[in-house]
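What follows is a short report on a single structure.
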Amino acid sequence: MQRLDRTMSDVKKVVLAYSGGLDTSVILKWLQDTYQCEVVTFTADLGQGEELEPARQKALKFGIKPENIFIDDLREEFVRDFVFPMFRGNTVYEGEYLLGTSIARPLIAKRQIEIARESGADAVSHGATGKGNDQVRFELGYYALMPNVKVIAPWREWDLLSREKLLAYAEKAGIPIEMKHKQGGSPYSMDANLLHISFEGRHLENPSAEAEEDMWRWTVSPEVAPDAAQYVDLEFEKGDLVAIDGVRMKAHELLAKLNELGGKHGIGRLDLVENRYVGMKSRGCYETPGGTILLKAHRAIESITLDREVAHLKDDLMPRYASLIYTGYWWSPERRALQALIDTTQQTVNGWVRVKLYKGNVIVVARDSKTDSLFDPTIATFEDDQGAYNQKDANGFIRLNALRMRIAANAKSKRG
Amino acid sequence: MQRLDRTMSDVKKVVLAYSGGLDTSVILKWLQDTYQCEVVTFTADLGQGEELEPARQKALKFGIKPENIFIDDLREEFVRDFVFPMFRGNTVYEGEYLLGTSIARPLIAKRQIEIARESGADAVSHGATGKGNDQVRFELGYYALMPNVKVIAPWREWDLLSREKLLAYAEKAGIPIEMKHKQGGSPYSMDANLLHISFEGRHLENPSAEAEEDMWRWTVSPEVAPDAAQYVDLEFEKGDLVAIDGVRMKAHELLAKLNELGGKHGIGRLDLVENRYVGMKSRGCYETPGGTILLKAHRAIESITLDREVAHLKDDLMPRYASLIYTGYWWSPERRALQALIDTTQQTVNGWVRVKLYKGNVIVVARDSKTDSLFDPTIATFEDDQGAYNQKDANGFIRLNALRMRIAANAKSKRG
Amino acid sequence: MQRLDRTMSDVKKVVLAYSGGLDTSVILKWLQDTYQCEVVTFTADLGQGEELEPARQKALKFGIKPENIFIDDLREEFVRDFVFPMFRGNTVYEGEYLLGTSIARPLIAKRQIEIARESGADAVSHGATGKGNDQVRFELGYYALMPNVKVIAPWREWDLLSREKLLAYAEKAGIPIEMKHKQGGSPYSMDANLLHISFEGRHLENPSAEAEEDMWRWTVSPEVAPDAAQYVDLEFEKGDLVAIDGVRMKAHELLAKLNELGGKHGIGRLDLVENRYVGMKSRGCYETPGGTILLKAHRAIESITLDREVAHLKDDLMPRYASLIYTGYWWSPERRALQALIDTTQQTVNGWVRVKLYKGNVIVVARDSKTDSLFDPTIATFEDDQGAYNQKDANGFIRLNALRMRIAANAKSKRG
Amino acid sequence: MQRLDRTMSDVKKVVLAYSGGLDTSVILKWLQDTYQCEVVTFTADLGQGEELEPARQKALKFGIKPENIFIDDLREEFVRDFVFPMFRGNTVYEGEYLLGTSIARPLIAKRQIEIARESGADAVSHGATGKGNDQVRFELGYYALMPNVKVIAPWREWDLLSREKLLAYAEKAGIPIEMKHKQGGSPYSMDANLLHISFEGRHLENPSAEAEEDMWRWTVSPEVAPDAAQYVDLEFEKGDLVAIDGVRMKAHELLAKLNELGGKHGIGRLDLVENRYVGMKSRGCYETPGGTILLKAHRAIESITLDREVAHLKDDLMPRYASLIYTGYWWSPERRALQALIDTTQQTVNGWVRVKLYKGNVIVVARDSKTDSLFDPTIATFEDDQGAYNQKDANGFIRLNALRMRIAANAKSKRG
């Protein structure tokens, strides 16, 4: 096996995950300065709601060659191949978090490595800090897909660890700094894509203080959401959402529509303290309007189409699957093995669910499946079932399930 | 070992779980008629919100001896020894159901067996049908605690399977029938205690139809809940709620207070299709106002006081623990073993949580623990941490976590 | 949904799992007597090592029509589609039992239902008692594959529960009884197929007494096994054994060869107390010569070809998968979902293993995979690895893995 | 929170886990040279079978003050508080490895930290390399028990990475080098304690080559073991071994006795490829004579004294518990939580087991418990059970367990 590592001087061309923002612009310049290497910029549209063309202009200003600027619309792939497979598992980290950031990182890593191969780059770089989960998610992806790639994580290398130093470096490099960055302390650390927007840092570093109302961006407050509830019908095929109120759309269009609905009704805000993979607790706030609706609805369609034991098997494995995604192991063989199990179970998850959206609430009110319902009213009924179910069967069922406990209790009492 | 079973003629005295309602009154009479045995009635106050003294009067009318009438207030024991231990596990069945009925049955079974021992009875009886989970929950409890007890489950023995036959039997036996029972079809099948009230049957047998608004009893609709949010502080010790807004109360008083708060704000309604232990799917609606608040708050206090891996271990085991409670295995050795694990973890779960209640929403806005917080702001901060955390450590962390995937990818690529 | 049950008088034609032995011959006659129905006999060759043609002659004597006599050689299907998939999971029940009987029942049930469909039968029957696991395994298979089939389990219906009554019935019916059955108490309850032979009952009902040496049939005692060890090479493809000492054979031929080798060297005896699904403990003895070798070898080939986390995931799920097979849920959707996971992992399980067989021991001495080895000597070496692995990476790896415990210990000590 | 790290110059006194062998002697000198600090040596008797007094003499020669030399007999504590608790879990890593090295490390770490506190040291050091698991096991223990301790891992710091450089350093420092070290390549990397002796490196680095017979130290080859089998009775209380053949002994004496018995009969050799925590596969050979007997016997006593579902719960969690020990998390809160569960289950694990030892085989032949047996012969019997078990109960048991699959099959067939 060849050597797994390279030294700094080896780097010839690096693909940078580049947002066009201040931080990654400083990184771009720092890479040029420090590694004296060619930089390829990669900017992805994951539905974060920002213009991407300015990133191209900025890159050109840094002297990046036009053929080294990659701007890709990954929205459909993101929702279809990452978000939806994850939701098949009813996936939630630590009981609450819908993994909006976690699920985007593997796609960025994958595309970044593809670009490295296309452009003959030997290194990749990202703007995640050394304290968070994202560095892990990016780099586990890089290494799994291109094992000998050189990874440059500037935040772990440079000495620009304070906001002041970073701004000074930017100024010196002629990188334009927006007013908001210059004033009043650090901004929130945010991440956005079609699934969610997240907030960390700043006032949130005190978990005993309530988040400020003006932090939230994608959802209105439940208090100001409409006074009238809205009913929405969601249709599923093989566990994936395929239509809203009868209108079939592409995966990312469906999620965008759900975001619009959820945001309007104040749905999907979350404020929690989570456990990062690197070992610390961290307070984060999330807005996941569409995902919050989707999770509820997916559980509901499974409730009538999935066998009990299959559903329980999924529930037992879900926290493990969620942790794999949270900690960055999307491209691992164990995540794939679990996905094989999950996907197998979704063949019968077909049908529709009706939800009522109202001031922060997603209320499931109805569900049905013409093709795969396992709900049998003739058996479940409280009325006379005409013999469909023989109640006497329960005698033996209970007695044999109790037998081991009866034997134990008898043995104990016999011995006194 | 002695024989595990007895025949009908053996029954001398039977302890009946007696609510005083129509169904268990018919059962009382049927037991006297069919088994020609002495009947002991047991009526428990679990916070269901009904007068219990009428049950005594009814029992006397059936000729039950005064010393054979047991009416017990079990509210404190119920919440302290059953509900709270269950909530230490963040226990939810099938992702949604808070197990309000399931958790009450083991206590009823336990007390019923105690009464059987006290009164020298050799049999016990209950009013649960042969289709549901409650028969299993009662009887697994009976058998575990008194292995040779004779169990009489009238619904599995008699031929009064239609509503009409039951009413006819009642009429003939002189059991007063309320107007509502005589008119307009079957009522909902309901169960209530301090944790929840449940509804099954009737219109709910069609899971594709929305539940009727006038079915709900403990909660107002979110639409008519107050327009102003209410903040509430919950204090925990060893994982259990001990005070609300600074006022310490007994376990059942705390839950009653939470119910009042939740009910007022339209919190805790649930409409779902669940999988019964006997093998069928069933649609149920639940109101769990206090429990819904408690679950959210318990997770929140754990989020700052529980080690990550301990929290994940609990999450991994929770569905199994929930299933044990749902299916009636509270008194089993495996439930006790899991409880030992759960309780061990709760020693550090001390602190407070602030929730905001608003129109169906329970929003966690703050949490802290003076004694056991594991949240370390000097490490988590996005600001300069003065070296508390060495970002370079992440290099090795990621590289060794990636190593197996790199070796695999290299091996694969070398072989082509 | 149609009614799930039928009454006795409905039965027109029943397919009986018929071994040709005393018990199932009595059952055959009893079915004819009791149900007055046409009987179809089904006799399967699963490698139990008995002639099957005598079963045909016996069936004809009972007046079974020739077209109603089915004798099938299922050996290849048994090993290929049931035994091998199970071994992909390293499947062991309760730490010891290799599931030799459990894995044969689903195939018998499946074929029996196929024959029921082919011959227009409306019922099936088997000779398993009401105390054991086999009745469950058969019947869960029947119901899963033909949900409205009538199941007749004579041992649960008739009154021939003592050995004497059974023999009397046989005598009266003119069924020939071998000398061994007439003399000296009950025989062992045995079951044999290509994977194992099992023994229960008789002297074994006392678990504190050693099994008698002359009970064992397929293996010599280690004491009398050859004094010279024998080396055997086993080759695997996608997790399945494909060749022994370089000779490719069909699945059942491979297992037969392993049985021969194992039996000769005293390998695969097992004496244990197991927990039956119906709630009691039972003592059983098993001979699984080939399976014991196969399990060891399969783990060994996985040890160099399977990713660590995939292997651990399999290990975590194995007891659950084993229990599903033990309790008869082969045809359940949850077993299929787990199988999908297991099979996914076996794509890379290719290579060979060398075992040394000696007086009861199966000793793995070598293993390799030209195509899929993940063992990298350049990294694992204790010698100078030329930088293939950077030992300094372990600093950060350990420090971040320890971080949560350090924070907790610091928090604790700070509070005193 | 105080800063978690210190720089090299901070080190004043370091406690070294010192065996007295070549490697740790070089480390001792290197610590003195490099850190210019006071060294405290700690040498533990864990039953590795070596004289410890020579370590004292060597330490004195290096100028270690007498009060800084700690030599402790930890054998009883090791077996009682570490080995036995682990065996309560039937703990095996990756299906085979009995964790002999893993389980000793937490005790060494704990004692080392105690000595650090006693002697006012601010640092600890060990001789484990940067590639293995032991560094992790030591250091996770250090950090968990003394979160701000400075850890010095010389193998990850120095440049003595080849055998030659190490020997050169030793020679220059006047450390006596045994002949065997000077000649013919590296020795095996070995570790020994009362539970096992392990071998890695050298010829073993090729997993497709058989280990050499003269490597093994504690066990004879099965081929040369006695021709006569030996029966041994083992008595358990609360899951722990307390007597052998009727003789009660202390924990470590019992294990020593089992080692003697096992070693004599060629029991407990193991040759495998395992997955290290740091990400690589490694081939190791192990001799665990006593532990191999103990594991078999413990499972056997559990087989008659443990409830089925408790046993299965333990089996499901065992691989996770084993991984925690393997990877060094003995002092973690999640290991403690699992231990609480395991220990709870062992209250009834009382009784005796008879094993037959013969040429590598440990054969369980009998087991009983006067106080806690759950084996009920009146129920399990194949003879007439006088009604102890009602076979008809199995009808309902099977029918309700099958119900969900019948409903599914009916639904499917109805839809075509």
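Letters A, B, C and D name the chains as they come in the text, with residue numbers starting at 1 for each one.
The working rule: a residue touches a chain if its C-beta (ideal position, glycine included) is under 8 Å from a C-beta of that chain, and two chains touch if they have at least 3 such contacts.
By chain, UniProt protein names: A, B, C, D = Argininosuccinate synthase.
Computed from a predicted model, the values in this text were never measured in an experiment.
Student: When A-B is set beside A-D, which has more C-beta pairs in contact?
Tutor: When the contacts at A-B and A-D are counted, A-B has more.
Student: Could you figure out which pair among B-D, C-D or B-C mirrors the A-C interface, over half of its contact pairs being identical by residue number?
Tutor: B-D
Student: Where the CA atoms of subunit A average out and where those of subunit D average out, how many Å apart are those spots?
Tutor: Here the centre of subunit D sits 39 Å away from the centre of subunit A.
Student: Cα centroid separation between subunit A and subunit B, in whole Å?
Tutor: 32
Student: What positions in subunit C touch 2 or more of the other chains?
Tutor: Expected reply: 1, 4, 275, 278-280, 307-309, 312, 320, 332-333, 374, 376, 379, 389-390, 392-395, 397, 399-405, 407-408, 410-411.
Student: Touching residues of subunit D toward subunit A in the complex: what are they?
Tutor: 307-309, 371-374, 376, 379, 389-390, 392-397, 399-401, 403-405, 407-408, 410-411, 415
Student: Which of the residues in subunit B come into contact with subunit A in the complex?
Tutor: Spelled out, the residues of subunit B in touch with subunit A are 1-2, 4, 90, 94-96, 129-131, 135-136, 139-140, 143-148, 153, 155-156, 161-163, 186, 189, 200-202, 205-211, 222-223, 227, 229, 269, 271-275, 278-283, 299-300, 303-304, 308, 311-312, 315-316, 319-320, 323, 331-333, 354, 358-361, 363-368, 374-377, 379-384, 389, 391-395, 397-399, 401-402, 405-411, 413-414.
Student: List the residues on subunit A that touch subunit C in their complex, please.
Tutor: It comes out as residues 1, 3-5, 275, 278-280, 307, 309-310, 312-313, 320, 329, 332-334, 336-338, 340-341, 344-345, 376, 378-379, 386-390, 400-404, 407.
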